[in-house]
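In what follows, structures are represented as structure tokens.
Shared chain: chain A. Partners: chain B in the first complex, chain C in the second.
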Partner chain A sequence: MSTEAASLPRAAAPPRPGVWAGLWEGHALPVVVVSLLIVALWYVGAVAMNADLQRSAFENAGQKTWTTAELVAGTLAQERPRLPAPHQVAEELWKTVVDTAPTSKRSLVYHAGITLSATVLGFLFGSVLGILLAVLIVHVRSLERSLMPWIVASQTIPIVALAPMIVIILNQLDVTGVVPKAAIAAYLSFFPVTVGMVKGLRSPDPLQLDLMRTYSASRLQTFLALRVPSSVPFLFASLKVGVAAALVGTVVAELTQSADGGFGARLLAGSYYGQTVQIWAALFAAALCACLLIAVVAFADRIVLRRMGYTR
Partner chain B sequence: MPELVEARMTTTPPQARPEASGRAPVISARDLSLTYETADGPVHALSHIDLDIRPGEFVSLIGPSGCGKTTLLRVIADLETATGGEITVNGVSPHDARLKRSYGYVFQAPALYPWRTIARNVALPLEIMGFSKAEREERVGRNLDLVNLKGFERKFPWQLSGGMQQRASIARALSFDPDLLLMDEPFGALDEIVRDKLNEQLLRLWDVTGKTVVFVTHSIPEAVFLSTRIVVMSPRPGRIHDIIPCDFPRDRTLEIRETQGFIDIANRVRHGLREGHSYVD
Partner chain C sequence: MRRAALLPLGGALASLAALAAPFGADAEGLGFARLCLGGLAAACLWAGFAPGVGARPAGTAAVAALAALAGVAVVRMLSGGLENTAGPGFALALVAVWLSAWHVVDAATAARPRDPRLASAANLVAPVVFGLTVLLLWEGVVRGFGSSMMKVILPAPSAIAARFGSSLPTLSADFAQTFQGVSVGYALGCGSGILVAILIDRVPFLQRGLLPLGNLVSALPIVGMAPIMVMWFGFDWQSKAAIVVIMTFFPQLVNTVAGLASAGRMERDLMKTYAASYGQTLAALRLPSALPFIFNGLKINSTLALIGAIVAEFFGTPIVGMGFRINTEVGRMNIDMVWATILVSALTGSLFYGFLTLVERRVTFWHASYRQRTT
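This part shows the complex of A and B:
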């Protein structure tokens, strides 16, 4: 009876282009062009912003005349420029990431470790909290009206104002170390997860729900067999937002709790001593870490969705 | 056809097959009405429906689009609540009948869960109803075989054609072996040849197992070939226009479509449909 299975022609997989050729054709070219444009603009900006600093530097050194080439070269090699040039930031990154032992307090790897541990911890807490809130909201009608306004309000308070208060209160309760920073990270990351999961848990269409009804499935069975699997794509989309928000929260918390180190502490120290190159290097390192975290979530997303048959 | 022999083993033996008369009705509707309250005013989807369906009957609902066929099926299934009149399913309210898992429902669309493979979609009701793993595997295999989908167990729904998806949804409804099948245009999306084949298989399954079937269709030959009774409905308000008995032997084959008896009944149905349409404003 099952001749159809055998005789039905399966679509042949299209020949795969080489990875690099594919990248180049697909996304690499526009990415490279945009990056080069940004770097070029950055150089122009650095020259323009540092020019008068450089002129007064020449004057202080007793130099009366200078060529344009000298001026441009000078603007791109200052120790404390208003806007450091890309190669200065790159040099600083190389020095603090590669040339310094990761155990040293001058190493950005050391600070990345501190920031990432609080970020990941806060993200995990925030995600679990976000999912639990979403489950409550979807299952208890009255909670939607009573909880949701508070959840939204919690995100309207500027985190730079709130973070120091939370850190100080927790410190006074003898909660120190990674926990206060993770708390701020969780505070920022639970919100997108709650919103995404509420949407995801409500995403089954009426027909899919009717089907469960014809089996007289319990609410728990409908939840596990229908609502949870339907929500997975929504969950991952909001986890990507949440993990980036967690990193921002941690960095903001580190501005207050700077004695422990981390990117926030580097930013603070850099601005305190006018070390603009150090500030920019820390900013870039933080952005790279955020990209890394998002990439990890995106990778998990792809694996899970493929296994669930969502991606073709 | 080995799957039919297997079907025989797991369901009511033929000698105990219920006859179409003398037993309490499976479905009994008295003066049943359903009015949807919409923004544009009330929609009378069902109005004064009187219908008894006895065990082992194969009843087709036929009528123009919007005459309430799906609505009637949904009331029987307790997916919709009637606004007037009375209805019982297996002697109890549709709600209680649903809680007892008395029926299998095949929707107009396949409604497969996209994250489940075909085999796991067919196993869904079995998981919900707590069948053992071994039992689930056996039933999934048998029912996929029955709808000719062997070899597609591990495919996801999007890898199947619309017709194959609909067959998978039929296998899903059959998997827990309900005594009552409610089928809403199950073969509407299939080509003529596959449709004929599945019609024959459904008829055989019904003959062998003694299930009661309520079947919605737009096709007159399909209704005449399958049914013991044909309910012709007409729209606005949705109501029963005519009920046409159709007493070919239970083991009828596709050949009866050439007989004069078949053509006479088909003509009566067509006539009824045309009359029903003339009510339309």
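This part shows the complex of A and C:
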């Protein structure tokens, strides 16, 4: 199919495409195909990367010759492969999520609970802080001029580098448990929320603001009736970024504060003991949690926007 | 009373109170500091309450100059014997300088000069004054009132600067180590992102499959792949480059694909009437119009690349590198060294970003967002 055809508007397409054409034009089939391609590539990669290990394993076992089928089967069933096969990761996930009691330290549900509680707490705190700061920035001009450039500039620096220091300092001040991790999650999620919310509160155009003035609306009334409603789409867009950033912050904080558990601690332990399957399982669980958090925010987004009449 | 006069009034009152209150131990430079504070009080009153409104900006300028002088004098007293023993007068002096700086920022924001160069200077005044005030308050509070514990966990800016100056060789070695991984990974990741975007441009099926996945992956905690990369590629910079490649690839891909789709239909039709080939359209129309998007991806990735490399160094390095330094010095409670390293990483990040912005301006000077500024 040529690019020119793809850029034609939808109306020009045949009025009733068949099921297959619909699948081909839609997103679901391509995503599935590409995902399957990735899984296939992953298997190839697993065989290629683990082959050396497997050969030496055969030699150590005194086996002089082996068939290719044996070799491939061996590479996909190692205990500590360089790259575990997808089904090994899936098995590990199943074992640690479903087969293990959620209270056990071997259960990923247990670790997910630790990570998620810090993430959600930090995210809530960070977004409230970000929204408050945005409201201040929009209403106090000198604050906007003096603070906003610093907030924008701070986006260009790797703030995650601060995570270990914040954790250690808070630990020194006898603040332990969920709070230091939540602090970093809050810290990471508050920047995108502030920037997005300032943009959103500024989004009413001058005509609308003038209309409010002709109603002789007070600043508070303009804020509540015009600025807040028009900022909501911006708010949710930045909340999605913020919640993903909060999870990254929590995981990085758990690298430093690994005694409490969580995905970061699982990653660290896995890398210490060479438990690659465990690392990959923790990674996938973390990715699932990220998807879950974003989906929750997106769901809230859709409901709120529909109630507010943004989408019909 | 006018609201604009509140800050100068506060500044004047705080200065006068600082003159009256005890500063603590007998410190060198007390006379000079008191002189500055007296002048500051007078300037504040002038800026807030001068009979002719036209004369007040001169007062504000005097406030700026005297507040800077008073700030320097107050900090110098710390080294002159006031360290840890500062009294209420010292705190009031800090408050006076703070309120004065706030007034200066306020005035610079309220004044809207016609001359565009003056206007951009006024825009610069606010963040600079704000930053300097924060540094001054930080220095004054930590060194004037801080316990020894506080000085360990939150070192004063001067201590960080001293540490920065004395450990330049270590810091530059760390920087070189980390930057090697960052630059190689950044070039490979962004380069392959752009290349793959161009390659799949002719296959809309692949595009529709890769784009949602790319968007999803961009939101996932990819930094977590760092330990795996360290296992695969060893402790040295190669593993850092690898994690940077993974982190930067998808954002660059998604942005470039969006950019390639951004050329307008009119322009495409025009290229078609010229009978331009696919390659010609790509080179002459679609790649140039994708540049703002490509640069957006490059900018996002400049931060991501540093984050990836630093976090990967938490998992294992040869004993050099910014992430390694942060992790070990935090363990030894050498927080000043940590701050110095963070300063290096912040400088690297913002210089990298600034460089990209400069290149973007040179390359996409024709774009609407820059065109508007000159007219």
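One rule holds in what follows: the second predicted complex is superposed on the first by the 276 of 312 C-alpha atoms of A that agree within 3 Å, B and C clash if a C-alpha of one lies under 4 Å from a C-alpha of the other, contacts with A are read in each partner's own complex, and residues count from 1 in each chain.
Quick note on the criterion: a contact is a pair of C-beta atoms (placed from the backbone, for glycine too) under 8 Å apart; a residue touches a chain by one contact, two chains touch by 3 or more.
It should be emphasised that the depicted structure is a prediction, and the values quoted were computed from it without experimental measurement.
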Once chain A of both complexes is superposed, is A:164 in touch with chain B (first), chain C (second), both, or neither?
second
Touch check for A:291: first (chain B), second (chain C), both, or neither?
second
Check the contacts made with chain A and report whether chain B or chain C touches more of its residues.
C
Where does A:27 make contact in the superposed view: on chain B (first), on chain C (second), on both, or on neither?
second
Does chain B (first) or chain C (second) touch A:309, or do both, or does neither?
first
Please indicate which partner A:225 is in contact with in the superposed arrangement: first for chain B, second for chain C, both, or neither.
first
If we overlay the two complexes on their shared chain A, which of chain B and chain C does A:217 touch? Say first, second, both or neither.
first
Report for A:208: first if it touches chain B alone, second if chain C alone, otherwise both or neither.
first
Starting from the residues of chain A touching chain B, keep only those that also touch chain C in the other complex, and list them.
1, 4, 6
So in the complex, the part of chain B that touches chain A is made up of which residues?
1-3, 77-79, 98-101, 103-105, 107, 109, 111, 113-117, 124-125, 127-129, 145, 148-152, 156-158
Would you pull the chain A residues touching chain B in the complex into a rising list?
1-2, 4-6, 207-208, 210-217, 221, 225-226, 229-230, 232, 308-310, 312
Touching chain A in the complex, chain C uses residues 102, 105-106, 108-110, 123, 126-127, 129-131, 149, 153-154, 201-202, 204-210, 212-213, 216, 219-221, 223-228, 230-232, 265, 268, 272, 278, 302-303, 306-307, 310-311, 314-316, 322-323, 326-327, 330-331, 333, 335, 338-339, 341-342, 345-346, 349-350, 352-353
Enumerate the contact residues on chain A facing chain C in the complex.
1, 3-4, 6-7, 24, 26-27, 30-35, 38, 49, 82, 141-142, 144-147, 149-150, 153, 155-158, 160-162, 164-165, 168-169, 172-173, 240-241, 244, 247-248, 251-252, 255-256, 263-264, 267-268, 270-271, 274, 276, 279-280, 282-283, 286-287, 290-291, 294
